[in-house]
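Below are two complexes that have chain A in common, paired first with chain B and then with chain C.
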Partner chain A sequence: MPHIELASPVIFSIAGLSITSTIFTAYLVSAVLIVISLAATRRMELVPGRFQNLFEMAVEGILGIATQTAGDRRARRFLPLVLTFFLFILLSNWMGILPLFGDGEIFIRHGVDEHAEPLLANIFRSANSDLNVTGAMALIVFVWAEYLGFRSGGLAYLKEFIWPGLLIEIIGHVSRAVALALRLFGNILAGEILLAIMGTLVPVLIPSVFLGFEVFVGIVQALIFALLTLSFMTLATEHEAHQAAAAESSHH
Partner chain B sequence: MRFDVNLAQAMAIASQLAVSLAVSVLLGYLAGSYLDSRFSTSPLLSLVGSLVGMVAGLYGAVRLLQIMARRQKNKDKTSD
Partner chain C sequence: MFLDLLLQQTPASYGTLGAGLAIGLGAIGPGIGIGIAVGKAMEAIGRNPEASGTVFLPMIIGVAFAEAVAIYALIIAFVLSGR
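Moving on, here comes the complex of A and B:
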């Protein structure tokens, strides 16, 4: 019976630092995003070319969504982080279904022997199928949202922690971040396992249907993570919005 | 087809709430279980921790939904 290994395999080490297949994919995705971003913004024109136009569409699309949720001022402030998460997750998810990227095969081995050869020699895995990667992103969201909350609300934000109970409030805030990491990890890992099992059971035609499905899941999960990041930051800075609204109404 | 931000956000939050409820209970249990092992009170604090986690999950869910509903109401008011 094949069994599933959750831990990502180490593919090489640099100065004692183990580079796993998921971390390698994360570096690869980051490199691709940096190169594309530099290329898209290198010679920006007032009348954009095709490449610039494509990226302007992506930025304006996410900015439009963010504006509807957080208002214009806060949307522009949150956009860099939200868009970075969206593009990173989207590209990682989509890369995970490319050839050479393990559809889970790398961690499905025959028998329970730890040294058994993997079914296929696919070396890479989607970065989001590693809880460490999704956990790191969720940690960034958690720390950043709390910082924004303290900065914008000050004592009023701290007061929220006193009633109905410090422990309840802390569990509530931490569980949001943990849930954020677990949901993305679970969905992407489940997709990879599904592809691997389908590929093993019916190697022809049927996996194509699931590959198409994974393209859809990839964009939905990236959007959900970006929207939730935006929601948490918006909720953390509600005090700021109230103060701005009160100041505006006192002007009129 | 027009992309409905409100619908997408509602779906994102609904999926988040389901996982968040379970994670809250788990976090409460883990905290209680750690305290149980420190003070040899097993299984009392694990049970209390699970209950606090459950309350925290529900409270967090209700608060998140209340804030989202209030925001939606304000949004509807300004669009009128």
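Moving on, here comes the complex of A and C:
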């Protein structure tokens, strides 16, 4: 039976900074994303080629969804962060189910266990199957949404925390960020385990069905993370939107 | 006989039992919730097929919220079985 550790192993360390396999994969995903983004936008043309067209489709798709939720102005303002999360999570989920990623492919020795047997660790592992990676992204969303809320609402935003319920609002804000991190982590880790178990139980044909399912899960989870990021930031800036709407209506 | 069986268990095996119970019971609620959400969404799309685009996204977000509960149960199961 395959065994998947919750904690990802440290594969090497630079100047005391431990690099685990998931962090290494996250850097790899970032590098791939930067390279293909640069390649897609290097020679932009009015009539896009195939590659540019693919990126325009992603940007316009997310922008269209964001406009439905947040309105035109805020959608354009929040798009960079939301789209970056979407592309990063999508690419790392889809790269995570490639053959070389995950259990039993490329190993590195990282010490010995108590019986002097060498401990082996995978170099590549799906980046979001580590709570540290998803937790870091959720922390960015949390801090940024609270900052936006305070900047747009000021004291009125802080008042929401104190009145009517002192603790309820704080718990609500923290727990939704925690849920954001746990949801992505749990889904991707469960997918990894599902694939590993199906690969040992029925090694023929059946795993390919689940691979297809994981492709679907990968894009749905990326979309959900991006949409929830957007809706947290939208909720935080409601004051601003009301003021803008009021100014608009009094102006006319 | 049943008492013997209970007394033979080590604490670790109760952990395994707990892990199974955690994910098994924890999946019931989200299962019902997702079923209701998707069922209602399909009903809405059936009544008004043009609205499928606007119904689909809120449904996915709602399903994600319901699913998160099952994911908590899954993580508890991992923690229990890892002991």
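Criterion: the second predicted complex is superposed on the first by the 228 of 252 C-alpha atoms of A that agree within 3 Å, B and C clash if a C-alpha of one lies under 4 Å from a C-alpha of the other, contacts with A are read in each partner's own complex, and residues count from 1 in each chain.
Note that a residue touches a chain if its C-beta (ideal position, glycine included) is under 8 Å from a C-beta of that chain, and two chains touch if they have at least 3 such contacts.
Just so we're clear, the structure is a prediction, and the values are computed from it rather than from any experiment.
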In the superposition on chain A, see if there is space for chain B and chain C together, and answer fit or clash. clash
So, does A:209 touch the first partner chain B, the second partner chain C, both, or neither? neither
Hey, is it chain B or chain C that touches more of chain A? B
Looking at the overlay, does A:182 come into contact with chain B only (first), chain C only (second), both, or neither? both
Figure out whether A:68 sits in contact with chain B (first) or chain C (second), or with both, or with neither. both
Considering only touches as defined above, state whether A:224 meets chain B (first), chain C (second), both or neither. both
Is A:35 touching anything from chain B or chain C once the two structures are fitted on A? First, second, both or neither. neither
Quick check for you: in the superposed arrangement, does A:164 touch first (chain B), second (chain C), both or neither? first
So, A:172: does it touch chain B (first), chain C (second), both, or neither? first
State whether A:235 touches chain B only (first), chain C only (second), both chains, or neither. first
Please work out whether A:190 is in contact with chain B alone, chain C alone, both, or neither, and reply first, second, both or neither. second
Which stretch of chain C would you flag for clashing with chain B, going by 3-11, 21-29, 39-47 or 57-65? 57-65
Set of chain A residues, in rising order, touched by both chain B and chain C: 65, 68, 179, 182-183, 223-224, 227-228, 231
Could you please specify the touching residues of chain A with respect to chain B in the complex? 64-65, 68-69, 164-165, 167-169, 171-176, 178-180, 182-183, 223-224, 227-228, 231, 234-235, 238
If you look only at chain B, which of its residues touch chain A in the complex? 3, 5-6, 8-9, 11-13, 15-16, 19-20, 22-24, 27-28, 31, 52-53, 55-57, 59-60, 63-64, 67-68, 71, 75
Residue numbers on chain A that touch chain C, as the complex places them: 6, 65, 68, 179, 182-183, 185-187, 189-190, 220, 223-224, 227-228, 231
Touch list for chain C against partner chain A, complex: 54, 57, 60-61, 64-65, 67-68, 71-72, 74-75, 78-79, 82
